[in-house]
Amino acid sequence: MSSGLPDFEVDEQVLGKQLFDCITDLFPICRSITGDGVRETLARLARVVPLTTHEVPSGTPVFDWTVPDEWNIRDAYVKNARGERVIDFRRSNLHVVNYSVPFRGRMSLEELRPHLFTLPEQPDRVPYRTSYYQRNWGFCLSQNQLDALAEGEYEVCIDSSLQPGCLTYGELTIPGGSTEEVLVSAHICHPSLANDNLSGAVIAAHAARRLQSLSLRLSYRFLFIPATIGSIAWLSANEARVPGIRYGLVLACLGDPGPLTYKRSRRSDAKIDQAAIHVLQQLGEHEVLEFSPYGYDERQFCSPGFDLPVGRLSRTPHGRFPEYHTSADNLEFIQPAQLAKSLSACLEIFEVIEKDRICLNRKPNCEPQLSKYGLYDPIGGVAESPEFRMAILWVLNLSDGRHSLLDIAERSGLRFRQIALAADALSEHGLLENVQ
Amino acid sequence: MSSGLPDFEVDEQVLGKQLFDCITDLFPICRSITGDGVRETLARLARVVPLTTHEVPSGTPVFDWTVPDEWNIRDAYVKNARGERVIDFRRSNLHVVNYSVPFRGRMSLEELRPHLFTLPEQPDRVPYRTSYYQRNWGFCLSQNQLDALAEGEYEVCIDSSLQPGCLTYGELTIPGGSTEEVLVSAHICHPSLANDNLSGAVIAAHAARRLQSLSLRLSYRFLFIPATIGSIAWLSANEARVPGIRYGLVLACLGDPGPLTYKRSRRSDAKIDQAAIHVLQQLGEHEVLEFSPYGYDERQFCSPGFDLPVGRLSRTPHGRFPEYHTSADNLEFIQPAQLAKSLSACLEIFEVIEKDRICLNRKPNCEPQLSKYGLYDPIGGVAESPEFRMAILWVLNLSDGRHSLLDIAERSGLRFRQIALAADALSEHGLLENVQ
Amino acid sequence: MSSGLPDFEVDEQVLGKQLFDCITDLFPICRSITGDGVRETLARLARVVPLTTHEVPSGTPVFDWTVPDEWNIRDAYVKNARGERVIDFRRSNLHVVNYSVPFRGRMSLEELRPHLFTLPEQPDRVPYRTSYYQRNWGFCLSQNQLDALAEGEYEVCIDSSLQPGCLTYGELTIPGGSTEEVLVSAHICHPSLANDNLSGAVIAAHAARRLQSLSLRLSYRFLFIPATIGSIAWLSANEARVPGIRYGLVLACLGDPGPLTYKRSRRSDAKIDQAAIHVLQQLGEHEVLEFSPYGYDERQFCSPGFDLPVGRLSRTPHGRFPEYHTSADNLEFIQPAQLAKSLSACLEIFEVIEKDRICLNRKPNCEPQLSKYGLYDPIGGVAESPEFRMAILWVLNLSDGRHSLLDIAERSGLRFRQIALAADALSEHGLLENVQ
């Protein structure tokens, strides 16, 4: 993915299509927190960027939890008296309650009802339901479908298996000059739901692909994991790595039409919070949420024993769009342009944490005579803009060893990229040095 | 007052009537900063809750002040030429300037005028005036009354006494497990004025009555005192007790139709401030005032030499309602429901300071598997509500030894009661422990 | 300037006229960053208040800069073929680009055009342009003038000199009881522009004149300097004095109709910031700007090597009024009343930093009995106002050794003058003492 663009920038038109196509490819797979759907998803993501796949055996204790048995499913249906599949897994994997135990039987509609789940307030949509830790079985269908079912006997089949196996997750590390690590995590356990969270997984993979082509200061670790149990399993197996994690982002729900939304880490003023909020402010309409112990895997990364500086980048937060966890979270709900802008924002956040540093003005008494260095009213080049001239003045004024370039960007209201360019130009002329 | 309700909750319907009846009983008494009116008031309050009465002799030096002579009054009037009482203490004790020296004489209306006080802007109301430290006498009447007075000679009588005696106040202590003390103070020096401050005195007495039925962590001290000179006298005699006072509330003007109002202590971020503001926020419409060195006895408790963590709970602040210090501050101005809600709020504040504590999550790495403990999707019981589930997550996430339960309630936006219930449930399952 | 007014107050009617007349006198002089125009300006300001004039030779190194050659100009014009002066320095010194090198020649309009500067968007105004550090020459004219020029040959003359000489600036020190210094600076390098900055220079001179008549705690240093190179030259020659500077104000653009505006020092919460903002808040409509490394000589005083507590007092900030740096910044643009109010505000800021101090309540336990001292309901005198009574209570309550009188003014919302009066009255009665 070598492009003619500066390091952390992307061609949003090209990327939007690539991201959408990738999601389209992955959409039909029936994923869960374990099983072959996860393996197939990771195999296809590995075409974007090379991933390592890890298998954690069922029964492995992970903190207060235990890795569950592995679930796989081949088919599931409810047939009416005429043998017609009135509920059919082959039409949508959402029709089966995820992690349903194997079942075969015949029963009346009344007996079946406790196993049927609908959304009465959105009568044409199929809900997404799971039952990971309570052994049960069930079907999801639209309220309209349910209303059309006649009394009578039905044949029920869930051709699944739930037995010792493994929990599967993908991992990718991109080493940088420093051992300080950036953790990027996306959950990959949802079946045919597009925004939640193929959008996050696919953007993570493409962000990793771009970072692989760059010379990096920080090291990056990407995790493609089942929600909750996946992050718990990873943290349990990698406690020694935790102190090296200095920044982190959970990527989720990034393709819908809503504005970019950043949820602060538990620390609330970590460098990743400062960087992400700065980038979103510069990009325009956005929302910043305070930390809360609810949501996606930030719940685990930000548990008090770890308290990692991990925030979450989303668009409309989960639960705030009516399509959430329904059959309407499909390929029509996500937009290529929104996916591309999410990726852009993600890379710009990485750019900030990569390039942020503390510099020292080497001529701190009064302003230097900038015109001597071609930095005041220069003709041609980037230096032409008034923003660049202000960036030069801000960097000089605040490079006293106490303000990082990101601090300067924040205080000046200028985009970090502009501040970093100014710092580079001042360094070239010997007016600025990096603090050791 | 044993009720079927949880510890700090009251039946507002029942209590509203009790509070109002108690105020109705006390309303006619002519109180002042000294004298038999105070004694009678304390005697009747002692039917609600047992009080100790203290007598401080006139002439006792108390910091920069001296306890004044004791004032008592039997009768007072102004009679016209026909012998009719045109101003009559027997109709309302507000008609005499409180602390008027004894006087008998005959004079023209012109000579009398400098001793007559009205409210020209509220022409049908009688003002409340005092002259404690300047020896003087006078009458208060409505502007309409004054306008109706004919020229001619009047007979004036103030049958009062002002001579060495005592300053009287009431005190009640309720010991708890700790010697840390909560100071609750209400002024009882105003004559027939209902909101200012029979409301505060009667609510204090009923709050004490309820606390007496509970097992308490903190010790409570209730003072029923004349304003200013009473708190000064108490502080002067009890300097050694001051360091034990960790929380405090002045109760005043709590029956009018306005919203609950909390005035911060001089420290502005004491635990009592945090607790009171949290409770008022949860209860709905309210107002928070910054500290100022004006108002009721918080002026003395918050003088710089003491700087006690004492705030003030009121409804409409004094001086902001037109009925303030007039004959319109009567039994029609106060409402049983408002009185009961004030008492509820007061008790809920005590509940917060009683139950607040710092806990430690015993499984701080990742979330515990709450469903194992029946704390996630439990069926039945308090745990059913989504608020309770969020409270569980917040308590686990922030119980890191640095956040008290009140801090967690504040940050989560959940009611302290909900947070405390969640902490109790987590402790029962061994997931939480109290910090030593 | 002995007046019947209290120390730091002025008769705005009298002063407004004096300030305006002084500006009118100085307006026609052609000033620049060096040359006889500066000398003449300083000579006339010395009639208001005695100034010392300093001369810094061309070629003197001052930090990263070098004092430039001295520029003087006698005449300049562009004549058309009929010998008429179509652009004429004698009509306005703005017509010549300031620091234009000597030039004589004949050329076509096309050849002349690159040397002509207009404001197309304000077609009847002449812009103000300089070229201090790039040797060049040019003329400024209105767009309408330019549009009226016929094709043809023109005679061009700039009868200037640019050769080794001196940079001239004025300085005045007013010693106070302490060596702590207040720096007041105004730039005097602009030719016939009234608001920017004859307003600042003339207000500085009159403020100095008033301070000279007073007994002062602080020492004051007034600088009348060419912008940028002047402050750099002063700082370069006076590095040893810098640590003594504890407060500072740059005065600029103080006569226009806009509201008073204070720009914070780089430190943002220095005592001068607190004092200036308090005064402006008390005076009514105003604006407070955060520090930015752009503007006038605060750029140099607040460079990171010095980081002086120097803010800027202006009305409409430079660049935000369309008259800025045009021929419309003339005597009609400034108003005597605005000038006088600016001077008043400046002096009131000095009053605050002069009188601010930390006091200690000598009777900190409870309130003193103020009526004993005639400080509660006194009859007659300043003590009559409710503001004064509140000021007394605030000073007593917060004089705990941790709050200065300015802190108390801020927290109470009362004017510093009222707080200082209350502190004086309490000190007189032995209730307050100054902290050593």
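In this document, chain identifiers A, B and C correspond to the written order of the chains, with residue numbering beginning at 1 in each.
Here is the rule we go by: a contact is a pair of C-beta atoms (placed from the backbone, for glycine too) under 8 Å apart; a residue touches a chain by one contact, two chains touch by 3 or more.
It should be emphasised that the depicted structure is a prediction, and the values quoted were computed from it without experimental measurement.
Two copies of one sequence, subunit B and subunit C, touch each other mainly through non-matching residues, since under half of the numbers at the interface are common to both. The rotation relating subunit A to subunit B, fitted on Cα atoms, amounts to 120°, rounded to the nearest 5. Centre-to-centre, using mean CA coordinates, subunit A is 54 Å away from subunit C.
Subunit B and subunit C have centres, each the mean of its CA atoms, that are 54 Å apart. Multi-chain contact residues of subunit C (touching two or more other chains) are absent. On the subunit C side of its complex with subunit B, the touching residues are 361, 363-369, 371-372, 390, 393-394, 396-400, 412. Residues 62-65, 133-134, 228, 231-232, 235-236, 239, 266, 292-294, 299-300, 302-307 of subunit C touch subunit A in their complex.
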